[in-house]
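Note that the chains are named A, B, C, D, E, F, G and H in the order they appear, and that numbering of residues resets to 1 at the start of each chain.
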Amino acid sequence: MDKARAKELLEAVAAGNLKVDEALLQFQTADVTDIGYAQVDHSRAMRQGVGEVVYGEGKTADQIWGICKTMLEAGQERILITRLDAAKAQELAGVFDLDYHEAARIGIIGGLPQPNGNGTIVVACAGTSDLPVAEEAALTAEVLGNEIVRLFDVGVAGIHRLLSHTEDIARANVIIAVAGMEGALPSVVGGLASCPVIAVPTSVGYGASFDGLAALLAMLNSCASGISVVNIDNGFGAGYQASMINHVKTGRGE
Amino acid sequence: MDKARAKELLEAVAAGNLKVDEALLQFQTADVTDIGYAQVDHSRAMRQGVGEVVYGEGKTADQIWGICKTMLEAGQERILITRLDAAKAQELAGVFDLDYHEAARIGIIGGLPQPNGNGTIVVACAGTSDLPVAEEAALTAEVLGNEIVRLFDVGVAGIHRLLSHTEDIARANVIIAVAGMEGALPSVVGGLASCPVIAVPTSVGYGASFDGLAALLAMLNSCASGISVVNIDNGFGAGYQASMINHVKTGRGE
Amino acid sequence: MDKARAKELLEAVAAGNLKVDEALLQFQTADVTDIGYAQVDHSRAMRQGVGEVVYGEGKTADQIWGICKTMLEAGQERILITRLDAAKAQELAGVFDLDYHEAARIGIIGGLPQPNGNGTIVVACAGTSDLPVAEEAALTAEVLGNEIVRLFDVGVAGIHRLLSHTEDIARANVIIAVAGMEGALPSVVGGLASCPVIAVPTSVGYGASFDGLAALLAMLNSCASGISVVNIDNGFGAGYQASMINHVKTGRGE
Amino acid sequence: MDKARAKELLEAVAAGNLKVDEALLQFQTADVTDIGYAQVDHSRAMRQGVGEVVYGEGKTADQIWGICKTMLEAGQERILITRLDAAKAQELAGVFDLDYHEAARIGIIGGLPQPNGNGTIVVACAGTSDLPVAEEAALTAEVLGNEIVRLFDVGVAGIHRLLSHTEDIARANVIIAVAGMEGALPSVVGGLASCPVIAVPTSVGYGASFDGLAALLAMLNSCASGISVVNIDNGFGAGYQASMINHVKTGRGE
Amino acid sequence: MDKARAKELLEAVAAGNLKVDEALLQFQTADVTDIGYAQVDHSRAMRQGVGEVVYGEGKTADQIWGICKTMLEAGQERILITRLDAAKAQELAGVFDLDYHEAARIGIIGGLPQPNGNGTIVVACAGTSDLPVAEEAALTAEVLGNEIVRLFDVGVAGIHRLLSHTEDIARANVIIAVAGMEGALPSVVGGLASCPVIAVPTSVGYGASFDGLAALLAMLNSCASGISVVNIDNGFGAGYQASMINHVKTGRGE
Amino acid sequence: MDKARAKELLEAVAAGNLKVDEALLQFQTADVTDIGYAQVDHSRAMRQGVGEVVYGEGKTADQIWGICKTMLEAGQERILITRLDAAKAQELAGVFDLDYHEAARIGIIGGLPQPNGNGTIVVACAGTSDLPVAEEAALTAEVLGNEIVRLFDVGVAGIHRLLSHTEDIARANVIIAVAGMEGALPSVVGGLASCPVIAVPTSVGYGASFDGLAALLAMLNSCASGISVVNIDNGFGAGYQASMINHVKTGRGE
Amino acid sequence: MDKARAKELLEAVAAGNLKVDEALLQFQTADVTDIGYAQVDHSRAMRQGVGEVVYGEGKTADQIWGICKTMLEAGQERILITRLDAAKAQELAGVFDLDYHEAARIGIIGGLPQPNGNGTIVVACAGTSDLPVAEEAALTAEVLGNEIVRLFDVGVAGIHRLLSHTEDIARANVIIAVAGMEGALPSVVGGLASCPVIAVPTSVGYGASFDGLAALLAMLNSCASGISVVNIDNGFGAGYQASMINHVKTGRGE
Amino acid sequence: MDKARAKELLEAVAAGNLKVDEALLQFQTADVTDIGYAQVDHSRAMRQGVGEVVYGEGKTADQIWGICKTMLEAGQERILITRLDAAKAQELAGVFDLDYHEAARIGIIGGLPQPNGNGTIVVACAGTSDLPVAEEAALTAEVLGNEIVRLFDVGVAGIHRLLSHTEDIARANVIIAVAGMEGALPSVVGGLASCPVIAVPTSVGYGASFDGLAALLAMLNSCASGISVVNIDNGFGAGYQASMINHVKTGRGE
């Protein structure tokens, strides 16, 4: 959107000729670059308060390169690429300054920012097999400006491992609880915490785990209050929402 | 089976003319009374080591009366009637000396025996809504000669309620863990215990609990070792197996 | 927990003889009143940062009365009773000063507090049939000290109804999006908002909605970022977590 | 069917000796060529109003060759081959004049015809991953004589991308809305359109998308009127029905 | 929307100051009456090309009365009320001139219009138990201005009953095929027809029909081309889309 | 079982010392050869009236060789090996005189016998993709002594293809109807036939066919009488039962 | 169909002017009486070899009366009414000479015929709760002219009860095995029998029986050969097919 | 935990200053070695009464090596590695003295101990395809000090194979019954046994076995008493619990 049109719109709002809702919508509509195989959205930062994310799965290295290039040219400082396999990461690393985290399948262009959230985010996971999803959540939140405390391998069948971290849990601003199999971790954590808990079921398990369905259902039925759930293996979604929560505007209600 | 036939069979075994397997099978086949709507099985005690149980659901008070009468006449001392609703219990109470436990929907003829098991059975349940199923389990085990420790309302979202009973859990010979919703109790209990845990999912919950499916799947996927699972709301089955475990013959392996 | 014991614990912590984790756990364990059919937990406020809630379903009016009495005697100022049907509400209204909201099946003892959250919570619902669940969410959050903006009947099949509230959405600190049938509302709202969205599937629908399963799955698979999901019809859970998010504290992580 | 038999049948109808239904059925039965592994049906055009389509999956290149050859010899002008992988396409391209569209896995013999439908068909898809299915729908409809407007990557989480095409939607005669994940696109499109919408769920997604089940259920439960649904990933089916709708004849009901 | 504002908008479009998309959206947004429990939408006719429909389920007779009154006052000529039970119908019949069809649970205010579609719509159903859903479809289409041919009880297990109507099928502009149990009717009809077929699964059946799931899945997997599917028991949805198809603008492509 | 023991048993029966049931059971128990990885059962012919079958899946070529050798040595004339892949078939063909049918994945040692059943068995399948399962059924029945009429590619979307075989269907003693996708073939066939129909769902299809579930459910819900169903892709099971039906002892009821 | 038309058709066949298939189809199409709410089919006996059956569920007593009256007037000797509840039975008993079997919910007009099948049909059921379904199967087969041997309450958990009937099983021409819960009876029976076994899952059970789904799946996966399955609780379907099998004609294939 | 701290704790208990529960928990918490990718738990033996087990799936050979090394250094005598594939086993065999059982995918370091349980454990499986799971159960129990009786290939479709082992069944202290497909073995075994039966469903089967779901549901619904169930293919879990049962202590309840 060029300056003239923006000014026009704002003047119309000021004069009472354009409703705020309509103006907002027009601003949002304005800044999309169409590069053929994708519509790159530059005003998303305004709309959602964060930078751009590229979902790597199902895209070729070339397509990812094209999207990132468009973004960087538009002034984007930092890009998070999720579900990026090692082969594509290697191709991209030749072009961009890319930090690649293999377990989490995450690539980061532009490095990690200084944390600027309200407090800390605890990322807890039940078993070592849940680690990739937990790392996806942790790195996502770090890229979005959060300080992370990692509590890994603290599953409920050895409850003392979790209880030895009661203090971290009590101090957190948000907690992400990652678990496969019976998915019980969020319930126990939720009972110990006084902050929101985002539960992430993983596809870890076999037989009647039905690729994470058992953990998903368990988490949706948690008897602890203050828990919500994201899709199976969706570490990114949990990290993203946790960051939003940790950046909630404070002090307005007082 | 009359005495003569029994003697014949035993002599045949002694003489090596009849294999033990075949003799056993013939004994088992012998003692069934056909009362039209049911085949009452008097040798079950020999086969399974316990007295007879009547599943009350789907039977009229008259049919239950008929089955119990046949059993008592055959010398049965004690009868457990499960899934018995209050109306039928009242009818039967006019005829037999029946102890009725409404929450658990259990009727007992012949009173509770002295416990004669190897140790104690702990019955733990997560919430007050799981109580009827937990009581069905506890009473079943009591009728079968076991000493019960009840730990009710010890769900994992308030983990300290459970942890204050660590000693009971450590001392148990068998534990029955009853829970609806996310069904996490058996996993935590299993991690604290050194004895077998029988998990009982209940239909307590709503929405994505799908009438106990969520708890069932969670329990089948427990990351704790030493846990097995019975059908949803099957307190009887858990109590029955727990009693079998608590009566396992000891000392033979030494 | 009496004062002496509390002092003892704190001194032990101060002297380095007791780890903070262990002390916290002992405080939490201390204050539970056992009233037979329930273990009323007085330190929950410390643990979870909010007052007590009573889940009314499956409890008799007498049991609810007992729990509330125990709480009020322990100094609880305000009690939220969820899933309370009209008949029980009438019985309780004779004893307590109870505000009853029939559509939402919620009873409140002690009135609504002054909002003290960071900002506003928007509660949006797709159709008029989703209203009871939306109201459960809204009232829960109000009892917990939040200012609510209600946007009802703004389903996506008439997208202009939703778009005329773009400003409310842009200003919110948290949004609760309630929908049955195809459950698409959270995705559209999530795309317009810059704050966390809690999605609540409802059992509104028929046929292949499978009692809310369709909406639940849709919400778990939302292509918008920043969305998490609670159980079907769980308005309470959404309101509770939204309040936690709206009360997130600042400056603690530094 | 030879001419004599056809004449005989028609005369019988004219004379009132043969019911129209019976005559129709006999015409339909007449023209099938049995080539061993398939029964090629030459009168399908009469029955269904369109030319022949070959479903390529599970057939060898040789079998597809055989079927196409039989059709061309019978005078078929144009053949659409769906679910045709690149390897088989290459083999067939050596024999026939074949246009191959790799993303959509579609091969066309005989080129595209002039559009002869009543109006335009809009094919909209939510994300770039849904593109292959959307292209299958679009090409199918083009082969069957329709003019297509493609609106790709217009998912509901960025609602303004869709709203900037309101005019195309308002002008369409039929709309095909393709989406995976939460499958919300058809509901929003349905609310904006005044023509029939055919919804196509795709298997795009992961975890609780259950290979397209989430999108399928969402679409079946759409709160917008005028929407019907085809099988997961069935772009062909949607394109085929859209063409039928766009060729609906006028004036017959008067 | 008052005349002045409308004129303003149109002039802005004429002058090139307002894009057509934006103007359309503003027209659509304008005409909604908020009556508390519902937002009655008067411009729907413009948007979707048909009059207003009230979904009766879950609404009280009073609420339905309120909505209808608002509509009639706004100049609506004819109202279709679906899922209306007999009791509510009786209440409404005292106030409005209401035609009530009990089997289909449909109420009509304002009578049936003259058919003005392109041709006829065939509504076929498999068994007498599917009749209520078939009638819902037929009446919906009649209210929307279509001529209907009803073919009831023509299930595939007696294929000759269906074949004796081959001519009606061949002449139809759209066909609605309604079936429960194995849901095979649309496949056979689809093979005989040269027009679009809308398949409606019903919840008729027992056991492994799982309330219509069997029929739904069968219809989604039909091997006949040109078939799409609506929700289980959604006769209204089928009738509505069929009417849209039968009113498709013709002649533009020539 | 050696002759002496057999004689002993029979004399005991004759003398009234052994019940017929017990004697039968002992005969059945007698003739099993344990070859380590399997218990080869030589009296199965007596018990089930047919020769032995080897299920090839999950067995090595060596294991299949061992089982067949044991059988042939025990006097078995003919062996049917199902689910035998081409590689194993090649290995076995070097040792035995094996007829291998690749599409059906069936190997036959000992050739086909003269048909000795009561009548003919029709094997009908809906599409060419269902052919492997249909052939498995047909060959199984041929090995067991039946005359087969094959009707392939007669799916219901081209109903006339099926109707042109009405006479074969009317003459059959048993019909096996094989179909994937919507699984409608058995219903139509069942309506035309006067003999038992065994329905075989196949995993042919995609998306909401859920690997044959759609066809399975459809067949279980068939509105035609006289239909029963076997497992998905279980051509063997259908052929086996069809043979049993075609060999039912006749003439006893007259 | 009147005599003249029938003669015409047959002469056409004789002269080679009409194919046998076409003639058969025309005969079948001819004899249907349309009584408004149903199309009563008089030539079904010719097509399927048995008399007419009325499915009572979802029909009013009046409708059933109408259908039966039409049938009796057309010369039908005997009518089987299934799923007939006691209230409707009482109404019909005032008009027709009706034998009503309450447990099986079956009404019979015209009494039981002399058995004329090839042999006996064994109907076995696992528990007393399965009895209604077993009786539906048995009575259906009796009405269709079969001699039945009933083996009730012979579930596999007391295997000796079943084994004491080995002789009946060995002598049967067809066996119907009815079971709920784990549905294991058909597998054991199938292993003992040398005739076809029709398995009937029942909805008896609770929790993870999912209304008969567990039994249905078990039966479809039976490791015994010669078993096929009908819908949950479909005693009628099993009895009907069993009768067809028991009436299989001999010598036709030669 | 060093000796001093342990002494301190015990003295506090003795003096009544520390509750037994709290002391137990602190002992449990003490002995965990954190090796980065796992928290190796040395006090598990005290807690659960058995040595340590390593779940090999999803771990690299290096990680398994690290965990085993840490354990052996901590004095662990014997280690059981489950789900260990052949490639990793070969790597580990170069470092440790490892017994590898390929079918069961189990590796054992430290050899088998002398049995010290109360009696024997019977491991029965239905078919040869269930053997790997059965062996996993058997070897697990052997490593944990139990005497095993293996009864393989005793499926219920050849009931005499099972009945010939009635004596082993009657003598067992615990029985593990392993079966895929219809999962009926535990029901029959449960009826013959007087000890607890642990049922293990396997993923053996195809089509409607849904990877073991059919067997799992069947086992959960067993009509025999005394049966509980573990996850699909979870031979380890069954062996582990069976060992616990076979080591139940006596005399504590008296």
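Just so we're on the same page, a residue touches a chain if its C-beta (ideal position, glycine included) is under 8 Å from a C-beta of that chain, and two chains touch if they have at least 3 such contacts.
Keep in mind it's a predicted model, so treat the numbers as computed, not measured.
Colleague: Can you name the chain that lies farthest from chain C, using the mean of each chain's Cα atoms as its centre?
Modeller: F
Colleague: Look at both sides of the chain B and chain C contact and report whether the same residue positions are involved, with over half shared, or different ones.
Modeller: Interface between chain B and chain C is built from largely different residues.
Colleague: Just grab the chain with the largest centre-to-centre distance to chain A, centres being mean Cα coordinates.
Modeller: G
Colleague: Can you tell me the C-alpha superposition angle of chain E onto chain G, nearest 5°?
Modeller: 90
Colleague: Go ahead and note the Å separation of the Cα centroids belonging to chain G and chain H.
Modeller: 48
Colleague: Can you work out the whole-Å distance between the CA centroids of chain A and chain E?
Modeller: 42
Colleague: Provide the C-alpha centroid distance between chain E and chain H, rounded to the nearest whole angstrom.
Modeller: 59
Colleague: Two or more other chains touching the same residue: where does that happen in chain C?
Modeller: Expected reply: 25, 28, 158, 163-164, 191-192, 207-209, 213, 216, 220-221, 225, 231-232.
Colleague: Going by the contact rule set out above, which residues of chain H touch chain A in the complex?
Modeller: Contacts found on chain H: 25, 28-29, 32, 37-39, 41, 44, 57-59, 63, 201, 203, 211-213, 216, 231-234.
Colleague: Report the residues of chain E in contact with chain D in the complex, numbered from low to high.
Modeller: 20-21, 24-25, 46-49, 53, 115, 117-120, 146-147, 163-167, 170-171, 173-174, 191-196, 198, 216, 220-221, 225-232, 236-238, 240-241, 244-246, 248-254
Colleague: Across the complex, what residues on chain D touch chain C?
Modeller: That would be residues 126-127, 155-159, 163, 181-184, 187-188, 190-192, 205, 207-210, 213-215, 217-225 of chain D.
Colleague: Please output the residues of chain B touching chain C within their complex, sorted ascending.
Modeller: Residues 128-129, 131, 153-154, 158, 160-161, 163-164, 204, 206-209 of chain B touch chain C in their complex.
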